[in-house]
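To keep things simple, chains are lettered A, B, C and D as they appear, and every chain counts its residues starting from 1.
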Amino acid sequence: MVKIGIAGGSGYGGIELLHTLLRHPTADIRWISAQQHVGKRVAELYPNLRGFTDLVFSPMETLPANDLDVIFLALPHGHAQKVAPGLPPGLLVIDLSGDFRIADPAVFERFYGFPMAGAEVQKEFVYGLPEINRERIRTARRISNPGCFATATILALYPLFQEQVVRGPVFVDAKTGSSGAGNSPAAGTHHPRRANSLFPYKPFAHQHLPEILQVLGKTDNHLVFQTYSAPFVRGIFSSHYMELTERLTADQIRCVFSKYYGSEPFIRWVADKPDVNYIRHSNYVDIGAVVDETYLIVWSALDNLQKGAAGQAVQNMNLALGIEETTALTLPPVHP
Amino acid sequence: MVKIGIAGGSGYGGIELLHTLLRHPTADIRWISAQQHVGKRVAELYPNLRGFTDLVFSPMETLPANDLDVIFLALPHGHAQKVAPGLPPGLLVIDLSGDFRIADPAVFERFYGFPMAGAEVQKEFVYGLPEINRERIRTARRISNPGCFATATILALYPLFQEQVVRGPVFVDAKTGSSGAGNSPAAGTHHPRRANSLFPYKPFAHQHLPEILQVLGKTDNHLVFQTYSAPFVRGIFSSHYMELTERLTADQIRCVFSKYYGSEPFIRWVADKPDVNYIRHSNYVDIGAVVDETYLIVWSALDNLQKGAAGQAVQNMNLALGIEETTALTLPPVHP
Amino acid sequence: MVKIGIAGGSGYGGIELLHTLLRHPTADIRWISAQQHVGKRVAELYPNLRGFTDLVFSPMETLPANDLDVIFLALPHGHAQKVAPGLPPGLLVIDLSGDFRIADPAVFERFYGFPMAGAEVQKEFVYGLPEINRERIRTARRISNPGCFATATILALYPLFQEQVVRGPVFVDAKTGSSGAGNSPAAGTHHPRRANSLFPYKPFAHQHLPEILQVLGKTDNHLVFQTYSAPFVRGIFSSHYMELTERLTADQIRCVFSKYYGSEPFIRWVADKPDVNYIRHSNYVDIGAVVDETYLIVWSALDNLQKGAAGQAVQNMNLALGIEETTALTLPPVHP
Amino acid sequence: MVKIGIAGGSGYGGIELLHTLLRHPTADIRWISAQQHVGKRVAELYPNLRGFTDLVFSPMETLPANDLDVIFLALPHGHAQKVAPGLPPGLLVIDLSGDFRIADPAVFERFYGFPMAGAEVQKEFVYGLPEINRERIRTARRISNPGCFATATILALYPLFQEQVVRGPVFVDAKTGSSGAGNSPAAGTHHPRRANSLFPYKPFAHQHLPEILQVLGKTDNHLVFQTYSAPFVRGIFSSHYMELTERLTADQIRCVFSKYYGSEPFIRWVADKPDVNYIRHSNYVDIGAVVDETYLIVWSALDNLQKGAAGQAVQNMNLALGIEETTALTLPPVHP
């Protein structure tokens, strides 16, 4: 059994980790923390878990670092930078925040709004996107789990950029459900405002942009990345607009993606259009594309808490511990 | 022109007052306050009003009590009790909170959780439900505007209680939209929780219960009043279950209501079932009923911010100032 | 392996059966039908199942009755009455429609609007509510799966009626999500009408009422049963209002329920209030109650497609085949 | 008084016309038709209008063409082409369908899927976008009301194209609420599918594209136009992505728009970001933009049934009849 701790277990990312690991056959969740809920039972805060766990939220200070095989850090941005440096080298650390995703401290500070505390520690972290970094993840002991938008956009663009078939800028119009904002009530997730609307936020400034650029690498294709708050709870639907260097058929586009993702367990190429309905509560990413002469639209849809956060973190854990990669992650999406 | 002030103008009740009064031909809105937004333009906080008002939120202390004809108090519970005693006797004061609805201080404290500061002042207030209190409202200078649930339930039950056709307890199952909770984000209005669910709150303890009982008066019919948070933004749908003293036909029920509301401008008797869809953004209350032998269900549907708050407050203002009662309130409900 | 067929697999009930059985370790789904989609791949109609099944919808006529261990009938009301009589006696038949729930043909016709074709066959059917009928289900070869509302209300009332602690009528206010109406677009599930409203339907006439009465048995407590369309997709939240024969404390109420459900695997007694959020996509029923003097409110919440349909059908299959009852049904509810 | 008829009054466009005209001081609605509802009262089909109108749906054949000043055609695509040719030349005809928007019959057939019946008649029609065609509308007797998406996109791009500041392709990501699909239930507006999702439709093929291109005129800027179904009821939020020919500041962008729309009564330039919340149930279009070096995003938000259909049609009627243009159209947007 794998001994697991979850730091920051009361947020949506943390509780989704717990929910996912509860069906993992070799997971033994030993410890979970939540600074604001110390002493409270997890099932009291998340009554959906009544009868499934007796875990009680502990304070961060009680982290039994030496008695764990894995610690998931699901803390607000900035906290993991303080916690990670003190963790045992042999402990598998999987951080779900943005703290260790960005290599360049100046870029980090610009997008996150505070200095990067752990520039040295950051170098130890592998970017945990299995479809691109699988081999490095297998041997990593420090994994930085990608952002939800970043996962959607990198996976949509990576094959095209690798094949250098895009000309000029790429425009990304990425829509997210409200659970992406976490479980703390705020103006943008206040039901009277969120329920019947759609609105942009963070123009040209979303913190997932630099990690996308970092993974896609040197390119002449400028990326305009715009996020939107949409009135559903779960899911990201991301649209990517671009011009091709030359005419490609729909089948040629399909082949480009197949070359990179043909044997990927969690990427589904869809002949018809992706839809948030068909990836909900699962670790699958649906990718589809339409082409008209030299103009291409690529769509990706995923569950922001699964492939966009906790599901991918478990996928990374599986890889790093030599467990079958898809363990606990193969439930079909639910609909309706 | 009627010179009007709105205290607490940044909440949903306050801004709905402003929105409604903007189409009132004799309203001159002179002053609006919002403690947290002093100096901010109203249209900045509520961009739907861009181009419709140049008002800026003032601090409460600048209330020009002697230069106004009407002051609407749309403040959190407890504040009006502090403000009202100092207001000029000739100023028309319309309070939208619960502060002056309850005659008995002990009952007030039990339901509101704090002592009633203005027991003497309370006696000056007329309960502003025009369908029942119209003549007293016409001459009042202090009006306590009813609660949204209270309006829905009193109007559904009043004729039946007056006619004494109900036997035994009445059970009320009242569902409200999220705007009823105001514009401050909170757990119960957090979109990920509110959007796809329905849940009860305040069992046997909702603060609108005592004002309902007070208006319905001495009765042998016990009232069980239960409120629910429903996943829509605007509207209340209230179901009232009871047994009749004797069999009545659907038509006899209709006649009971017609006797009391036959000439009411804002009550619509519906042969078919009420629906939140058909009263939204209007001051109308739709009431319908179905009967099976001696069992009766009465339904009422209204917009919690209009007939349940600001619309009714303007109706009260019109009455108290001798303006045509329906002024600014006759827009048809919007659907879809 | 259990060889399984699903008749009517393109509806929400049928597809939820498939979704549930895909994680059942001994289920071998051999055949699925859908009259309107013959020849179409299931995953084409329900793209969430891409990669999980190669099943193709067959016509009803190809039902391989002799090669199956179980046939689930998820057909529109009236169809199972035609199909069931011709099925082999040894085949386990689990019908999800209302066709075999009602013993009295006259009652059936009144509520379903057409004559009951299989009055003789109906006698062979056991009402598949395990919490009440478990032992009979174990040996049944014909099981009539309860209605979604009926499950919610019977489970909420059964212990109280058995203990005869209720005095006078019980009023049921039952709210359902839109998936309960099935996957055929209709006026009541048209998004512009359903999304922001709540409205009653079928007053005093819902077809689940007679099965509730049949199970609760002879009683002096009249049942008023009213259903509502609520603007969420999944779930039923049912409120039950009544007067008690004498004062009972909250703890006494808890004990009444504990006596009947104390060891039930899928019933969770909740100290706080149930919430649709906490049972979604699971086979669990959350039941809670509040009491004030002699007035009692009992709440039950369940997922209409799981415990209200497909989950319960699989639970019945497990029982009738001697498989561990909870197999494939113990995933925790999902939230957010 | 202006004598008005509405053909196709039972659809959302038709009923919104009626709703809007009910507050028009000089509108006298004489006749309304609905082929499927002949003989039914309008307020029976749309109970929100109970008490506001006694109109009954007539058959199309009873159109009193010679007794009307204005006829609004709110019929399904293809019908107006049959009706319009027979109407009196002096009658003001305002068609809300796509029948007369496209000058080129070949283009029409490609996008609408059937031949254009009225190529000659089409020439008589003026494209009813007041911000661009105001003077021609004033004297027109045949007006083709723009599509909802087309209004959002043309208004967002027209000033930029006139000033020739855009380089290369423009990508449009346009999200619509469900009311845009009309009042007939369909798969894409079925609540269980629509409520929690977002999905694209009609890639490269939406019928509003040709009217956008026709208005924007000869240009080297290719337009990629993609529509999405979003889970709200009212509103369009349209995002326009492009590269500029040279760096422009936010203020320079503002000035470009101000030059064209500075005195427009229904266009509001927003310093911050548009939001569907702030234009709902109004004829206003909110336009905003953000710029980063040479990359520009322009956003437009409008109510698809008001400025996107009925509101704009009334605006056109006002212009063509010499009535003050904004009559009946100046209610502020509603929020929450």
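Details
The working rule: contacts are C-beta pairs under 8 Å (C-beta built on N, C-alpha and C of every residue); 3 or more make two chains touch, one makes a residue touch a chain.
All of these numbers come straight from a predicted model, not from anything done at the bench.
The greatest centre-to-centre gap from subunit D, using C-alpha centroids, is found for C. Interface repeat of B-D: among A-B, C-D or A-C, over half of the contact pairs recur, by residue number, only in A-C.
Note on chain placement: the centre of subunit A and the centre of subunit B lie 45 Å apart, centres being C-alpha means.
Mean C-alpha positions place subunit B and subunit C at a centre distance of 39 Å. Across the assembly, subunit A contributes residues 12, 177, 179, 183, 192, 195-196, 231-234, 275, 277, 280, 335-336 that each touch 2 or more other chains. Within the complex formed with subunit D, the residues of subunit A that make contact are 168-169, 171, 173, 175, 177, 192-193, 195-201, 203-204, 222, 224, 226, 228, 230-235, 237, 239, 241, 243, 273-277, 280, 290, 292, 295, 297, 299, 335-336. Subunit C meets subunit A in the complex at residues 12, 19, 22-23, 46-52, 179, 183, 195-196, 233-234, 268, 270, 272, 275, 277-282, 284, 286, 305, 331-336. Interface residues of subunit D, counted against subunit C in their complex, comprise 12, 177-179, 183-187, 189-192, 194-196, 231-233.
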